[in-house]
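Single-structure report; data block below.
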Amino acid sequence: MTPPIQDKMIDENLKWSRINEDVLRSMENPRRAYWITFAVCLAMFAVAIAAEIYQYRTGMGVAGLSNPHMWDMYIATFVFWIGMSHAGTLLSAILHIIHAQWRKPIYRFAEAMTTFSLMTAGFFPMIHLGRVWNFYWVLPYVSDRGIWPNFRSPLVWDAFAISTYLSASALFLFIGLIPDMAIARDHTRGWKRKLYGVLSLGWRGDDRQWRNFRKTYMIMACFLIPLAISVHSIVSSDFAMSLMPGWHVTTFPPYFVAGALYSGCAAIMTLFIALRYFFRFEEYMTLNIMEKTCKLTFAIAMVWSYLNLIEFAATWYGHNPYDKELLIDKATGPYAGLFWLMIFCGVIAPFGLCFEKLRRNMPAMLVMSVVLQLGMYVERWMIVAPTLSMAHNPHQWQTLWGPIVEWSIVFGSFGWFGLLFLVFVKLFPSVSMYEVKELTFHLKHEIEEEAHAAKHAQGEAHGHHGTQGGGGVPVMAPAAPRSGKEGS
Amino acid sequence: MSSVKLDRRQFLKMLGVGGAGTALAGCDLPTTITLEEGKEEVVSYLLPEEYVIPGVGVYFASTCTQCNAGCGIHGRVREGRVLKIEGNPDSPVNTGKTCMMGQAGVQTHFNPDRITAPMMRKSGRLQTVTWDEATAELNKHVGAQSNLNGGRFAWVTGSVSGHQSVLINELMAQLGSTNHYAHEVVNASVWSAVCQDMLGDAMPRLRIDKAGTILSLGADFLGTWISPVHFAREYAKFRSPAKRGVLVQVETKMTLTGGNADLWVPARAGTEGILALGIANFMVDRGWNKVEIPAAVRAELAEYKIEKVAELTGVAGSKIQRIASLLSERAPGLVLAGAPVESSEQGYASVSAAMLLNIIIGAVGTTIEPATRFSEKALQAKAGDTKSLLAFAKGLQEKRFDVVFISGANPVYTAPDALKLVDGFESVPFKVVFSQFPDETTQKADLVLPMYSAMEDWATHVPAYQTDGAVLSVQQPLMEPLYKDTKGFGDVVIALLKQRSKNYEQFPDYYAYLQTAMMNLPEAVTGPKPVKKEFWNGLLQKGLMVTKGDRATLSAKLSVPVFAHAAHHEGGHDDFMLVPSARMGMFDGRHANVPWIQEAPDQITKVVWDSWAELHPEAAAKLGVANGDLIRIASEHGSIETQVFIHKGIRPDVIGVPLGQGHEEYGRYAKGRGANPLKILNPVLEQKTGELAMYATKVKVSKTRKTVKLVKMGGSDTQAGRQFVLTVSADKLRRTEGEG
Amino acid sequence: MRFKIGCMNISSARNQSTQRAGSGLAFWRGWVALMAFAAFVTVSFSARAELPVPAHIKPPVGTHQGEKVPQPIEFPHNIHVKINKINCMYCHTYARRSNVAGIPPTSKCYGCHKVIATDKPRIVKLMEYWEKGESPRWKKVHDVPDFVHFSHQKHIKRFVFDADFPVEDVQQVCGLCHGELREMTVAEKKKPLNMGFCQRCHKANGGPGDCWKCHK
Amino acid sequence: MSFKNVLENFSNFRKDAEHGGHHTYEHRWGMAVDLNLCIGCNACSTACYAENNLPVVGKERFAKNQAIHWMRIERYWDPKDEMYPEQGASFLPMMCQQCGAATCEPVCPVAATYHTPDGLNAQVYNRCIGSRYCNNNCPFRVRYFNFYSYYESAWPEPLQMQLNPDLSVRDKGVMEKCTFCVQRIRAGKDKAKMEDRKVLDGDVQTACQQVCPTGAIVFGDTLLPDSKVSQLWKAHQVKRGPFTQKTPKDDADIRGYRIFDELNVDPSVMYLERVRETEV
């Protein structure tokens, strides 16, 4: 018997033409809300630019840094954005490999998020340099002076890791886009048509293309996963490789990766809700998918909390006086407020995700996702700042709160991210059309198979869905035979 | 070899114009581009001295004038610019070392706020004039043709010695004036007075290096007292494993020396003398006295029973006994008495008590040695004091002066308001200030003569405190004057003298005078002299002349001082005894315009760039103030406002405000920064010597609403369990080394 | 005179040589006077021969075309070096005892030119300076950035004195970094004098590779 | 370091890090600071300002901990002080310890700070890009960053004439620290070279050592067995290299120790315990 509709990922009776229309509509005539958000983001970005120019001319001092506090919010924000970038990979690559079907309607924007948050994160290591104009000295290039970067420094690893990851995930995003580009091409006029024409790389949707496409996509996915893990492990080694109490922690790589996925999922939830609301994507981004996302988030949250406690425990039993002193100071000292905020947002709050009522309540989830992200941001800052405030030499102890310049640049980064994302959703389909179609198709197919199994009647199904293909959408010939295997 | 007249300091001309550039400007460009040619200028010497090589530092010997200790220095000169000051190893005063003030000498010299041209008061405002105008004005009032009545001429200086002193006296004599006021805020005049009376020698040599135990009654001999660098050198020997001496510091507010004490004893303000007598009495009781004590003295001493003394001083009886036993066990002892004791109401009595103790423990002859005086009396130091300031102020009030010269002193800043010195000073018809900087006094002058800095001028100095042999130290220019419109002090005075006496016409300038004068010093003074020219060059090379001088003899006069009343002060909840302490660095405020000194933290509190009021936690609790709160400190003669700094190194019944800040003028670094405690001092006199009792002002402290951020160096005040500064017990070491 | 010197030994060690140079003036004068006329004739169309590279040095690689820097007096290196064969270190005497080669003291110019070519406009100009008692303000041509420590004396020692290289040919060594001054009037920068240039030479000739040897 | 070197010597890099820098030292400059003699008078730190072109940052920036003092005197009170600090204060001259296994070196992305054959932690100012990682990883926190450009503000005419031409004035965005007065070391070595002799003990004096009124600071080459400093290290039983638990020194005047020795950074500065009459 057919399962009740609300348990399904998506309504299998969605006409494919409908899918095209809905998604393509989301790419047209922006409404006022869009322009307002755009303006806000632009303003935030402008402020950041101004702040950066000021800082560039005057010196890093205006960022409120001091002798113990050589790093501060810039690095925290850097880690935060890198973290964000992991969600996309998680959804598109990892879940793709394990055939989690429900990812299909939402992975596209997640991937976009990955790329853009990386593009944002990349700025921070540069912004925080004392002499930005020499940032390229970190890269190994052949110079007449015959000198090279110091390959022992985690910062150099960062440079490599991030650039690799950025290019890879951008490529991945693009590859995933190709079939949809083709659809878009066939449905648009004028310059857009040209653009999509180019981007779709002459996609005709014939057999060979599909085969190659799937291979490539799978390979990229496999390639991307270890990359994603390594990137954040390397970022974590910025701290773990040091000697400082609270930084020199062996569990940092997994801890950071978990944290990254955590904040990433939270971010996905936010964008999920936003898109669902603005673009009327209720049918695609259904509550069930939200449910799944929430559950995933909760699972990761628990992993993260666990690693967090592990760290405390390690500090406690490791009995390194400096570490211990720092841990106690974090929980009781000047930063105690933030510490407990982090614990609440990161460990306590996610338990809200256990309640189905909450999970199906979009406003509540919006709040929740923001809370989780806040928690993760604070966590990053709590890694960077307290250690510097209270390291080995008591003579240099000092607490610090970032001044306006720092804040505005950090906010500006959100503006910049927003801009990129807003442009993206209007230029590219933020829901993967062809995969949603696959989804509906397989769903329908299963249901019918069940029905037929009951009736012992064969062959209708094929004829039936043969007529399905509408709006110049390629029939997915190779998909059908594998559908049995693919069924989730 | 040429028709060109060469300036005698030609080789000191500056070569490179730029100095050290901002090095990093160049390296932002890609490496293929180098510096553009033809941007920087390079100038060669006209006539090279074979020892002056571009790019190689040359060291010239001179004398430090940052305080009056008279340390010998070497100035590192490169391309005609003096870059760094080092100590002169040949000088027995500082044997190659300097203090932070000496190091900062270069910034005093290169200070951006120097006066670069003469200034004259026209229609109420100081205006820049040419030297001709200035000289004309000067001659009009003090020149040979002027109708100046010498009796109505006064000259205020700091401590002076050497040939400046000679010239000053000469000019005073020519003018027929006797009003020479040598004024120093930081001085040891009461100490010398006592030494003079009880030992028959004003500045006996103190052998800190020989002492086994030092009982210092507020003498900050490592920081500001008499000859800090020299004492620090000896202190090193005193601390060496061979000696391992014990330092006991008795004072109300911790000084640098107190910070280094083995035992820091905060006795009640003004009772240090009584403490000394208590110790003396105890020792005599125990028969620990090294000299014979007449019965009369014993009787007088007997009054100072431990209990009574403990009660008066607030120092536990056990501690007093311990100190006493230290003085006898760890002989030879040495008892010193510094500013807080000297310039209290009964300073003389207190210091005499200390001296009596010295005699009893047999310090005289062992750790107190007869001084060596420089044989040429005229060149000896005339040490400044505060008595002279009082006298000058009095003179001003009685309108006894028509013309006043001020050189090397800043009375408008240092004089307490109670003395009404400023008004009196303004009413003087003609006030000439010889000065490098636009300080408070300069601003009130009618004629300002811009002086060479100590590194541009010639001078000789004879330290008041002589060590091994009697030193005459030469101050020679380390570079050519920065500003063409400045002049040497000596040059100006010589010019004035020429008008009145034939003897000086032979001298074109002070340099010529100095050279002749030095060469004419009798061999009795200098010891066997080589050929004159070589003597002179040798002198300049070495930078100083160590003569055997004549040795004073010490007599020890046993007499127990009488304390009129046990002058001690009970701290109410808001009234305190004000401690206007000087410190190494700021000194009496003359270095407040030196950025390095401003940025160098105070040694004890680590506060920078400002004044502060030290309070004991108890006192702070009583007042309900915290670090950084602004408080108003009011005496009968005015009030100052400054920030609170709380620490335990001070008695709860006193409040410490350091000297040095609170300048109304004196350049960009000093102006309008902090508060000047001297201003609110009550005009209390030391009973015997008539010195100003600086440590005898009671003040009321009140909160203001305001709070500022206390800017100090360092986060945590404790080591938080780190193994940073480890302390090992001397006893333990002694035991392990089997020294008993 | 009056000095108490860190650098005594350097100066004293080198003093005699300066003295000799000084007392040698008479000889130079006659000699230079003799050559002076020939100089002005030949300098214009003198054939340009490459400066030979000393055998014991692997020369630094790199070229640079600096512009002609206007100087207070257009000093003709070519006449002094090429025609009159005056040794570089006769005028730039500090090169062997200091980090900087130094501009010769005006007295040194005066020493020769009070008898030689006194009528030439440049010399007249020079004499004006001398009479005024000041030195011309030359413009630096060969300059390294302020964050670089370069020592002439050490290079001269290494490549001339220690290598027993004939001092009269020292211009071959100087030329490696300063170009062929015998062909120029006022000095022009012919070598890049940048880090690559120095570093390549250091590699080739086994100079120190430690950053702090040169960077300050 | 050229790329070839990296490939060839990468194992060395790692070994270096473990065994504390180069294995073939020309010199190994070290210091001994006797806290028993140090009176905390600030002479050394002022001398350092004079010698090394340190900028004066002013009150506001000092308040933000942006001051630059390569040599700073840390002052500590004893937490056991009840009413008064009767044992006085504890002064600690703290400068870069020129660690043998310096934690600042491996983390610099551009190798602006590295280990010289003299056993110093070099800081090449014009290579530095100001990532400030080095100070984050320095347990002593003795590296100072130019948060602003000070050339105009700290040396108004004619103060800039005092600047020492032997080392550069650091511009904004550059990390700096105590160099053991490398310009003096350089001068001393050049002098020796010009005289074709070895560098002798006493040829090189740091500014702080030269000025110190009590002679608490001793500086020299620890590779010269007869140098004053290596004598002191020997006498007080402090050795180079990794941390070794010391036997409680009960048998003589042995007071040497190195701060944060237990972190295995192999500092080149030995401190001597201060001796006080604790019984009084």
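Read from first to last, the chains carry the letters A, B, C and D; within each, the first residue is number 1.
Note that a contact is a pair of C-beta atoms (placed from the backbone, for glycine too) under 8 Å apart; a residue touches a chain by one contact, two chains touch by 3 or more.
Here the structure is a predicted model, which is why all the values come from computation and not from measurement.
The set of chains in contact with chain A as well as chain B comprises C, D. Among the chains present, the centre nearest to the common Cα mean is that of D.
Across the assembly, the chain pair joined by the most C-beta contact pairs is B-D.
For this pair, chain B with chain D, the centres built from the Cα atoms lie 32 Å apart. Separating the centre of chain A from that of chain D, both taken as means of CA atoms, is a distance of 45 Å. Distance from the chain B centre to the chain C centre is 51 Å, each centre being the mean of its Cα atoms. Averaging C-alpha coordinates per chain places the centre of chain C 39 Å away from that of chain D. Across the assembly, chain C contributes 10, 145-147, 194-196, 216 as residues in contact with two or more other chains. Residue positions 20-24, 26-27, 31-32, 714, 718-719, 722 of chain B each touch two or more of the other chains. In chain A, the positions touching at least two other chains are 68, 131, 134, 143-146, 392-393, 395-396, 398. Arrangement of the chains shown, judged by which pairs touch: all-to-all, with no pair of chains left without contact. Against chain C, the residues of chain A that register as touching in their complex are 143-146. By the touch rule above, chain A contacts chain B in their complex via residues 68, 131, 133-134, 143-145, 321, 325, 392-398.
In the complex of the two chains, the chain D residues touching chain A come out as 1-3, 6, 10, 13, 17, 61, 64-67, 72, 74, 76, 92, 94, 103, 106-111, 114, 127-133, 135-137, 139-141, 144-149, 172-175, 260, 263, 265.
For chain D in complex with chain B, the touching residues are 35-37, 39-43, 45-47, 49-51, 53, 56-59, 62-63, 67, 69, 72-79, 81, 83-92, 125-126, 149, 151, 154, 156-165, 167-171, 174, 207, 210-216, 250-253, 255, 257, 259, 271, 273-280. Interface of chain C with chain A (complex): residues 194-196, 199-200, 203.
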